[in-house]
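Order of writing sets the chain letters: A, B, C, D and E. Residues in each chain are counted from 1.
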Amino acid sequence: MNTAATTSEAAVPEQAEALLEVNNIEVIYNHVILVLKGVSLSVPMGGITAILGGNGAGKTTTLKAISNLLHSERGVVTKGSILYRGTPIDSLSPEALVKRGVIQVMEGRHCFEHLTIEDNLLTGAYTRRDGKAAVKRDLEMVYNYFPRLRDRRKSLAGYTSGGEQQMCAIGRALLANPETILLDEPSMGLAPQLVEEIFENVKRLNEQEGVSFLLAEQNTNIALRYAHYGYILESGRVVMDGAASELRDNADVKEFYLGVSEGAKRSFRNVKHYKRRKRWLS
Amino acid sequence: MNIGSKMASNIQPGEELLRIENISLSFGGVKALTEVSFDIKRGEVRAIIGPNGAGKSSMLNVINGFYHPQVGEVWYCGQKRKGLKPFQIAHQGIARTFQNIALFKGMSTLDNIMTGRSTHMRANMLSQAIWRGAAEKEEIKNRRFVEEIIDFLEIQSIRKTPVGRLPYGLQKRVELGRALAAEPVLLLLDEPMAGMNVEEKEDMSRFILDVQSEFGTTIAIIEHDMGVVMDISDRLVVLDYGKKIGDGTPEEIRNNQAVIDAYLGVPHE
Amino acid sequence: MSPEILYTAEVILNGLMAGVMYALVALGFVLIFKASGIFNYAQGVMALFAAMTLVGIQNGQVPFSHLINAVFGTQLHHFGWHLPAIVAILLTVVVMIIFAILVERLVLKHLVNQEPIILFMATIGLAYFMEGFGDLMWGSEIKVLDVGLPKGASLALEEYTVGWATEGSQYYGMYVDKLDMVAALVAIALVITLSLFSQYTKTGRALRAVADDHQAALSVGISLRKIWVITWCIAGVVAMVAGVMWGSKSGVQFSLSLIALKALPVLILGGFTSIPGAIIGGLIIGVGEKLFEYSIGPMIGGATENWFAYVLALFFLVFRPQGLFGDKIIERV
Amino acid sequence: MFYRQAGDFKTTYRDDIQTFPLKQDRWGYYIVLAIAFLVVPFFINDYWTSAVMLPFLIYAIAALGLNILTGYCGQVSLGTGGFLAVGAYGCYKIMTSFPDLNIFVVVLLSGLITAAVGMLFGIPSLRIKGFYLAVATLAAQFFLVWLFNKVPWFYNNSASGQISSPERSMFGYAITGPNADAPVRYLFCLTLLVMLAWVARNLTRGRLGRSWMAIRDMDIAAEIIGVNPLRSKLSAFAVSSFFIGVAGALFFSVYLGAVEVGEAFGINQSFLVLFMIIIGGLGSIFGSFVGAAFLVLVPVLLKNIMVNWLGWPTDIAVHIEFMVIGGLIIVFLIAEPHGLAQLWRLAKDKFLLWPFPH
Amino acid sequence: VFPSLSYRTGAYGANGIPFADGYADYFTLVNERDGGIGGVAAKVIECETGYNTQKGVECYESTKGESPLIYQPLSTGITYQLIPKVTADGIPMHTMGYGRTSAKNGQVFSNVFNYPANYWDGASHAINHILGENGGDIKDKNVALVYHNSAYGKEPIRTLTELSAKHGFKLTEVPVDHPGQEQKSQWLQIRRTRPDYVLMWGWGVMNQVAIQEAVNIGYPMENFIGIWWSGSENDVIPAGPKANGYKALTFHAVGSDFPVFDDIKKHVVDAGKAAGAGDQVGTVLYNRGMYAAMLAVEAAKTAQEIHGTKDINAGQMRDGMEALVMDAAKMESLGMAGFGPEFTVDCKNHGGPGLGAMQQWDAGAGEWKLISDFEASDMDIIQPLIDEDSNAFAEESKIEVRECA
């Protein structure tokens, strides 16, 4: 356990300036449930950083801690600090954070059911002050990314399919014209093609517009393909981190997160009964 | 024995259990399904795939009677279905899980799964009120069955936790448990593996296959992970914009040009 | 025309007017519900509080005089001024804004992302608190509210219509209360402005977003706190308008807070989330209950208005569970 | 650490589904019951009975009833006052039509009548949901009150429109009427409360209770997995109204002795009982008790403190009482939105973890 | 000890305040000026009921232990609850101008008193007044009764029906549901049918709205008569100057033109001992509260005389009330000459002779004026009704009818 913690600290990339830094935070829900037990990570300016980990590892909680949405779930950060561009942001309101360019795409879609898809997208532009024309241009951009949304522009979001809602949630965040996007499980419920496309778009935004990304993903395969750096979270602790390429080659990661064993992809039909994962900690 | 297993008792594995005939469904201007027909055979794993918004979830909603198609018929166990309410269909042995998790958030895992079992319980209100006789016996009998499911899904440790607090993946598993508790003839799974990592998907696949082999349950599954779908399903239906564009074994689908264009993109290895 | 028809017409007309009065109260509910999904039980008490404050300021009453006198043995009652209505109204608006800010600070802020029923309960607490607070501040005696609104029958209309009846029948012309007419104008103006505001502005869209999902609204940078202050301010002002209209009629007194009960059926009939729904619901309820009382009431013993409005609304709801103009109730899995 | 869960293992499912899985809880419960039945009656006087205990017991029954409907089945109802009235008038009619009937039976019958009426008013709940339903149930409130006021048959044509309860006794003790002794009235209500609480507990932990909660948490999903919404909702309305009807009957016959419908069963009652269950905790039997205790006791307590001890003028005291109650409601909600019962549970959880903070 | 079950809050608080003030002030006056009742200081414990029956019961139980002499519950609802209780506990109860009318029958209701007048008297007074205005012939007249749709509001209907049979006028009933904020349909109906007279049994906001609506439709206010609970300043002032001429019944005088008020000013208000804000002196309801207190004090004095003891208990107080004699001389000596009707109470009749007067609102002067003497009601009609109702009650609750000497 200690080795894991130390590696994570040592491995903060030095080459790029850290845009977002999370230092050893602890999160407690409802006064009693301790979920994060000292998580540290750092997102470099202009980088794509991935948080990986199994169910309940605390990925969502970490992202919410950064974007200050924990408060509304009766969770609190009890220890540690979160810095954005070197200044603490723990006490900022979520909207102040959005104004600074940090926006989160929440897990599980969270569209405004009673608003049309277009209105949903436009709420993303709530904090923007750069005029209608710019918003309009970006709206077009989102429609180009997700043509399906253009078709369903006038339907209430509550009536659209799961994937359409997911696109809507991502598109909404893009309309805020952010500097940093926290993406929580963007690939969930999307068709494989579309997943590829979304990650292509992530890459494009990252490269062309310089948007930084912190993404929590279950789809380790694709996440590590696009991310520069990755952290693996397990039971509220960072157990491993490293450049994406290193992680891809790590045997354990291969075994447990990529589903590749002994060089070949396994078949889902042939997995053994009750194969239990070796845990880093327990 | 409940109505469901009785109805299905004369259908042998490999025979047609459910037939969708020429179904069309639209909401106002939106055509969710257009003239779709296919069948599901007893004992198979049947996958429904297609791009987002193709009408897959709507198809499941039609099968369990939540949506009523404007045109077309649903045949189940050799009978044409008419005018049934969703809960009646559930009693006929069709259970499902949902794409956007629809667990009962205020209840514990155990209670959620026990609720799934209610199609098998029938003690009257009076005996429930005094908790003696039939009610208690029934409760304990079904509890035993539910505990088996809990063991099977390896969720013993969260038996008494309110499900609202569970992480996404576990919630999906509980939902599967709730559907299994009904001992369904036909189990409908709507993206059961979304939001899981590979290892968890492997577990889930294992569960699904075990359910199929141990209980002889017929399974219809919607899933976007082609790796999983191609591995575990016996036959697939492909929908696109509400229309059926492909139907066949994984091998056939993999090589179907229409499907590749509409959905798969590059052929998957 | 036979007087019977004219009487019926008169009943309908007065029903419309009464409906507008109900709508004024319902409007406050709609605003808050639309903008935060909160069913604000305190709306009636807010109307009472606003009206009391208005009268108190206008007549230069010393706030908390009872309490002060009881504790210090002083004999304070009045500052000795009498302000013009418009000044008093403006000052009351200021008080309602302060109130909105306090509500947000002390209550709502701490209840982000809670279930609707919990928020509802919080407004009940608020209602209790304000009921005691208002009485303590201004005293619980009946106060006369006079901001110069016209009252009494509109004689012009009476004269104009008196000739309509067939010769020889005893007909005195049609009756409409001038106060009601003013209320109707005010209500229509309010409804139009508020509808435009919520439909066509960025803030309006944000309001609706907040009502759907607090967390998601936060995540896209909508400031819940600001939105809440804005809506509670508007609702406070609307409450004041309702308080003034009803208070001019019956004096300002505790029962003013009960007008909320007349607004509720209007609310569900029109739909919780629709501003025009409030007024149309009001009109339907107003006409419905007056006509029922006029035609059926005498047969079954009268005093049907309290329940009839609810039964009428219930009837509509069975066909449209979201009310006539409310947002669709989305049922999906 | 006297309070612990560890080591208290269950070996049978029967043990596992009992009401108080923890030994300490079980003993606590027995002790409370013993005190309530064996000790309190000897110390209770008229004031404590009429001002505190009877209202508490009766409101606790009503709160249990409403909690079944609102807390367990998720159907917010504001018709409680009307249903209380049905119980009361039902009780009166039965009492006067069958003077020899045992009062215990009379009370239960009034409950049954109310259950039937409640089911009738529950029918719209199949279509109407949420706050729409809540407001729509006010139709029951207003209509029933109007009916009992309008139709002289209900109050036996008495000139005043009031109903007053004649004397009825059980085992030779007067239960109703002016000559009923405080301890007897107390025990009568207590017995009913304990019985009904036990029934409520049984119903809510079994299949019916689960189907109610399923409807509450997600009605569509519930229907799709096989819960009959019609039957669940109507049964919730029936059971809830039964409880409320019993409460109404007791309210009239044992507690007040004479009522006029508009005054005693007005809309305030509907709200009061709703407040009780929200403050106490929705979907919690214990919460119904705590909520009823809170809203019955706190006003009495505040009044005694302010008027009797501090000697404040009564009107100022009442105003401040309102402010304090309103303030407390808000403070509690902020501290724990799921009610006092949950607050209690959390306190226990913390205690379990003690001395470790997490 | 005199408990005062008052209501200074809630929907009727505005009306409860002056009454409670008057009630308390009179006792303060007696204590300050006379050193108590026959030398024994009277103690008033106020208990807030908010016009709510449950709180009323709580108040009753909480004050019962303080050996109270008399209860005046001030609400018909509470009265009904307390009737059996006070009887069982042996404490007298006085319901002045409200409560259970048939309590007048002292043979059945041993502990309940409702002198000097009740609702059925009131109904009769109103009709008598109308008779007087029309020279005794009201055969072709229409009378409408606007009433609060509750037990209270329905009280006069029976009497009025009998009276209409006797005098031949036509009675229309117009119920108004609680709270009565909206009375458009009722007043449109009145406007349409133009009854010659409108009677009103209203309470709280219903009064203000009704008077306002009557003004609005231009109904002649002289023909609009309210019961005594619809005749306070609170009810007419909101309607403004046009309410001028509105009439209401009463059973005591109005205004502060009596020597007793000088005493109250001197010993109570100026001494800073007034209950409440001290600004209600002389209003209708204040006077009523004071009158109620005065009757209680006089009954206590009577009791002291009968039993020859200064420290009377509740039972002795009851005897005092049953032997109460209010004649002109006594009132004169109290500085209240002509303040209320002369009457006596006896074992059979707990309600006195049922005298009442008419008052009229003078909006210009902003005060009520008495426009008639205290006159009798039509006992031919009322007495049988009382006997019928009280006997029914006796039967229902198995009370033995007392024999009166």
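The working rule: contacts are C-beta pairs under 8 Å (C-beta built on N, C-alpha and C of every residue); 3 or more make two chains touch, one makes a residue touch a chain.
Please read these numbers as outputs of a predicted model, since none were measured by experiment.
Visitor: Looking at the contacts, which chains touch chain A and chain D alike?
Guide: Touches both chain A and chain D: B, C.
Visitor: Measuring centre to centre, with centres taken as mean CA positions, what chain is farthest from chain D?
Guide: Between chain D and every other chain, the largest centroid distance is to A.
Visitor: Determine which of the two chain pairs, B-D or C-D, is joined by the larger number of C-beta pairs in contact.
Guide: More C-beta contacts join the chains of C-D.
Visitor: What is the distance in Å between the mean C-alpha positions of chain B and chain C?
Guide: Computed from C-alpha means, the inter-chain centre distance equals 49 Å.
Visitor: In whole angstrom, what separates the CA-based centres of chain A and chain C?
Guide: Taking the mean C-alpha position of each chain, the two centres sit 46 Å apart.
Visitor: Take the average of all CA coordinates in chain A, do the same for chain B, and state the distance between these two points in whole angstrom.
Guide: 30
Visitor: Let me have the rounded angstrom distance from the C-alpha centre of chain B over to the C-alpha centre of chain E, please.
Guide: The answer is 74 Å.
Visitor: Can you tell me which residues of chain B touch two or more of the remaining chains?
Guide: Chain B, residues with two or more chain partners: 57, 66, 98-100, 102.
Visitor: In chain E, what residues contact two or more other chains?
Guide: Counting only residues that touch two or more other chains, chain E contributes 8-9, 13, 17, 149, 177-178.
Visitor: So which stretches of chain C touch two or more other chains?
Guide: Within chain C, the residues that touch at least two other chains are 66, 135, 140, 301, 303-304, 306, 332-333.
Visitor: So how do the chains connect up here, line, ring, star, complete, or something else (other)?
Guide: Contact pattern: none of line, ring, star or complete.
Visitor: Chain pairs in touch?
Guide: Touching chain pairs, listed by label, are A-B, A-C, A-D, B-C, B-D, C-D, C-E, D-E.
Visitor: Using the touch definition from the top, list the residues of chain E that touch chain D in their complex.
Guide: 6, 8-9, 13, 17, 46-48, 50, 52-54, 57-58, 60-62, 64-65, 76-77, 80-81, 83-85, 87-88, 100-102, 149-151, 154-155, 158, 177-178, 275-276, 385, 389, 392, 396-398
Visitor: Considering only the defined contacts, which chain C positions touch chain B in the complex?
Guide: Where chain C meets chain B, its residues are 333.
Visitor: Can you name the residues of chain D that touch chain B in the complex?
Guide: For this pair, the touching residues of chain D are 13-14, 16-17, 199, 202-203, 205-208, 210-211, 213-214, 216-218, 220-229, 235, 239, 283.
Visitor: Any idea which chain A residues touch chain D in the complex?
Guide: So the residues of chain A touching chain D come out as 28, 30-34.
Visitor: Okay, in this complex, where on chain E does chain C touch?
Guide: 8-14, 17, 149, 173-179, 181-182, 184-185, 188-189, 191-192, 194, 204-205, 208-209, 212, 215-218, 234, 237-238, 240, 242, 272, 277, 279
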